[in-house]
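Have a look at the structure that comes next, please.
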Amino acid sequence: MQTETRKLLTVICEAQLESHVIADLERLGARGYTVTDARGKGGRGVRNAGWDRSANVRIEIVCDDKTANALAAHLRDHYYDHYAMILFISDVEVLRAGKF
Amino acid sequence: MQTETRKLLTVICEAQLESHVIADLERLGARGYTVTDARGKGGRGVRNAGWDRSANVRIEIVCDDKTANALAAHLRDHYYDHYAMILFISDVEVLRAGKF
Amino acid sequence: MQTETRKLLTVICEAQLESHVIADLERLGARGYTVTDARGKGGRGVRNAGWDRSANVRIEIVCDDKTANALAAHLRDHYYDHYAMILFISDVEVLRAGKF
Amino acid sequence: MSSLDPVVLFFILGALAGLARSDLRLPSAIYEFVTMLLLLAIGLKGGVELSRQPLSELAPQMLAVVAMGLLLPLLAYPVLYYIGRLQRADAASIAAHYGSVSVGTYAVVVAYLGSRSIVYEEYMPVFVVLLEMPAIVVGIVLARGWAASHQWRHLAREMFLGKGVVLLSGGLLIGWIAGVDGVQPIGPLFFDLFKGILALFLLEMGLITVSQLGGLRRSGVFLVTFAVVFPLVAATLGGALGWLLGLSAGGTIVLATLAASASYIAVPAAMRMSVPEANPSLSLAAALGVTFPFNIIVGIPLYHSVVARIHATGT
Amino acid sequence: MSSLDPVVLFFILGALAGLARSDLRLPSAIYEFVTMLLLLAIGLKGGVELSRQPLSELAPQMLAVVAMGLLLPLLAYPVLYYIGRLQRADAASIAAHYGSVSVGTYAVVVAYLGSRSIVYEEYMPVFVVLLEMPAIVVGIVLARGWAASHQWRHLAREMFLGKGVVLLSGGLLIGWIAGVDGVQPIGPLFFDLFKGILALFLLEMGLITVSQLGGLRRSGVFLVTFAVVFPLVAATLGGALGWLLGLSAGGTIVLATLAASASYIAVPAAMRMSVPEANPSLSLAAALGVTFPFNIIVGIPLYHSVVARIHATGT
Amino acid sequence: MSSLDPVVLFFILGALAGLARSDLRLPSAIYEFVTMLLLLAIGLKGGVELSRQPLSELAPQMLAVVAMGLLLPLLAYPVLYYIGRLQRADAASIAAHYGSVSVGTYAVVVAYLGSRSIVYEEYMPVFVVLLEMPAIVVGIVLARGWAASHQWRHLAREMFLGKGVVLLSGGLLIGWIAGVDGVQPIGPLFFDLFKGILALFLLEMGLITVSQLGGLRRSGVFLVTFAVVFPLVAATLGGALGWLLGLSAGGTIVLATLAASASYIAVPAAMRMSVPEANPSLSLAAALGVTFPFNIIVGIPLYHSVVARIHATGT
């Protein structure tokens, strides 16, 4: 089967940022994204919530190398200082190269 | 620690397909799967729902190379044309090779 | 962009273990984790629940190689025999090496 | 403004919040809960009423109503296909949506009649159940031809076992078996809270309706026009049928409203699996984005005033 | 059919939907909500009743009930281990399930008595709380021997702090402190809606029961037989105890039903952590797949008719 | 103990379960549902009351209350910044929390007055809505200076469109438009269940409060002291204002309680986006970990007894 390599960028951040981060992603060229609700713990303490106050979301974006780097840099510059957020990038194979 | 390499196939698709896709996976030899509820956006527009109408699910399958390719090809052939669906494959290390 | 490689350990297990596994992870040096609710099927049958009885959780930990191996070995030794649990490890790139 | 039922104000609140891009949402588990309660309550009410009178008396009315459910999509399809120039699958799927009924619209018309103390035949939920399905069958035949008939068994599963139909007809059966005394202890949840639950449902419907407006913009003027004009035609048919069947004024209003309403629970799910090449955002944009708000804000009072006038002259 | 309480019809609806593989499910947040409401309501009701009479009068009855909770698993274990030839851990775990009680079954028997206007001692929820735990302790000792005793502190946490026990005994305490007037303002949620909430709970229980049937097929004829016969034995014991304690006919029926019921909230969680090598699908298949439906459909009316006959001759 | 309202017992149950590390939690969808119901119910009640009397009569009171909402954070800030030596952003954010109001505390004081049959001005929810926002504006100016004013449009969105404010003011508007007869059919859900829903809300608040204790330990003695003393000062101001405005004893107690309460719905969300460098766990630990339990357990009875004494001498 013919596959192509792309990047999978996974962002985990506080739920209140969801709409802001998604707006940023779309502006910077992501053609799609997937969000799941999550909880967790990191440098800024435990986050497991109700009424959105301290829940997390987990956002995944499949995209090309350049976009992944641009998105990651943007998120780091705009959110890392003041918000609970981590991100990591991995390699994935996809079937429809043109789509991502 | 002794580990073996396997494939992780991740499928994101509209929630209504869940039972159909799972039946297909089991028929084609997947020995297990994990499902989480998700929302997202792609070529077929925003999907974030209630009453299942437009929510997504995220299905993960750990399996060997051959099975992953067979599953991916099957899903592409049967669902890509008419349904909201993406999939991607990555390498993972597992402890119990016989299990997957 | 400057990135470093780390391990992503993903654990899928029955929901009732969540607090126990998290306590173990923290004791063994994980600095953070992310949990999402999941359902699924494996060697121990279908798990999709209510009142927590048979739901799963999906726990992700980004950490260095050594910690990932230690965590995986510990979980295998303590839970594999009697509980529904799988785990897998993959490579991810992160921005802040010191954090993980 | 005071002519609007307060439950409809919740719809408007939801729509305004959606337009203003508020982060208001009913959690999806709650939306599902609220929908389940409405479906069960409607079913239970109809079932209790059925237990009061011989089914045989209703049989002719039931047949007539099923006939209407078969006719409506056959009327809608040529309009959508020839005038609207939609793809065959899309035309068939939208026709199925408009031939079937919307449980939410039914709940609103019932609330509307209730607050005006207008009586109606309380077994109407039977018609809701009956109208759910025929249009689905017609829609699939329109999309696929009779060749699709080898799928019927599979299709029947999708239709009868979708949770919406199970709850509605399950409630009907339970109400029928238990009778008026039997359901009394569960009344506080299913009947006393009905309007409050409906208010929450409509709040979310307002938000959902607004989220469909994007799809509407893409689908163009024809579909919007259809989504307003076809319900008027269907309401006329439904009202006429009610009159022919000798229903009360209230019952006639309900039947007109049912005819005018477009499904967004049973039909979308069935069409998605049976006619996957139909674009679901077209039918949802029309049914949820236009027809639902049109019916609950403009349609129901309109059907009421027309029926009232006819019944006034009739008597 | 009309001999079935309408809430039980919801169970049957759920079971039929499950058998037909409908996609009907209560969202898990709603199932949890509904369960929490039932537990709190049962606790509150018992607590209010406790506030009306000196605890000291109840002490002998409470002791006797705890003794029954210790005895039942000791009766079940040898049957499971020697006759059923189950593994020691499995036999001990199933014995613990059957020694403890099912809150859902309790709610059904209370609803059953309510719709027949049969009075019973309203402090019965105290017995529900008391019966939750002794069987767990016995089960663990059976599985591990006294050597397990160094774990007791850890185990007490699992038992007393599981959410089921916290809600039940928390409700009991609040009802006790607040008294009948104090709980009156929260009555519309916890008491008026009780039966409706129970109906939703039973709908989901029907679905869950059916999903256990697979596990049942694997576990074989012995377990199914046990899951029907042991409750009959336990009900006899419970009924005899009720008679000895001088309970009313209603109270005797409740105690027989409690004895006959098998836990699926507190015990599974505690056993999972304390006796992990026991296969949880065996005990759940028996308790949920057989004993629960048996009790609510066949058992309760049966215990009722036997107790009625005895009380009739007694007087 | 019996001086505590039963709904407060649910708070204590939640807190005890949290301290004991029970796994009890309201599913987050249910917590959201319960919060939505409370907000809508409070809004509806206030709106109905507004529909009964000319708004113009209330205008002076409303202005005075807004002035209080502007004043309170200006009082709190210097204490936090100069005495507490907190960072500027943190001091400003905490000041905003304490200048605004807690809807949960409002619900408890209303329940408290209700069970003692103490009347109060029923349009009080208007004040709740009015007090939500001024403190946010002051807080942002304190943190950023007027330079932040180019963000106002963006900020207004965050403030007015947060779901808490939309539900509260949406309920107010619907109640106003529909009037007392209009809301009557939705009363069983929004009014009859109010106290029961509040009990569930407080159960979860107890759990949440305990989870804030960790943050509290880190933030030290000053913040804990502030979280007890500032409410007393604010309550005095609020009570004095109520007296000046000629409110009834009940109304004065409510206004004192509102002044004493600290927001944890609208303000945290707005501050998070507008003053992100403020540490949210400081303000939540103070507002939820100390001030909320203090107000509902100690504060409200205290404000009541003081107001009662003054009104007794006054008459």
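Should a chain be cited, it is by its letter among A, B, C, D, E and F, assigned in written order, with residues numbered from 1 in that chain.
Heads up, the rule we're going with is that a residue touches a chain if its C-beta (ideal position, glycine included) is under 8 Å from a C-beta of that chain, and two chains touch if they have at least 3 such contacts.
Since the model is a prediction, treat every value here as computed from it, not as a measurement.
Shared contact partners of chain A and chain B, listed by label: C. The chain pair with more C-beta contacts between its two chains, of C-E and D-F, is D-F.
Taking the CA centroid of chain A as reference, the farthest chain centroid is that of E. Between the Cα centres of chain A and chain F there is a gap of 35 Å.
If you average the Cα atoms of chain B and of chain C, the two centres end up 19 Å apart.
Computed from the mean C-alpha positions, the centre of chain A lies at a distance of 46 Å from the centre of chain E. In chain F, the positions touching at least two other chains are 23, 26-30, 32, 188, 192-193.
Counting partners per residue, chain B has 36-37, 52, 90-91 as the residues that reach two or more other chains.
Chain pairs that touch, as defined above: A-B, A-C, A-F, B-C, B-D, C-E, D-E, D-F, E-F.
Contact residues of chain E toward chain D in the complex are 1-2, 4, 6-7, 9-10, 13, 16-17, 20-30, 111, 114-115, 188, 192-193, 195-197, 199-200. The part of chain A that touches chain F in the complex is made up of residues 14, 16, 20, 44-46, 49-53, 55, 81-83. Per the touch definition, chain A reaches chain C in the complex via residues 10, 12, 36-43, 48, 56, 58, 69, 72-73, 76, 80, 86-91.
By the touch criterion given at the top, residues 26, 28, 31-32, 35, 204, 208, 211, 214-215, 264-265, 268-269, 272-273, 276-277, 281, 284 of chain E touch chain C in their complex.
The residues of chain C lying in touch with chain A in their complex are 1, 3, 6, 8, 22, 31-37, 62, 90-96, 99.
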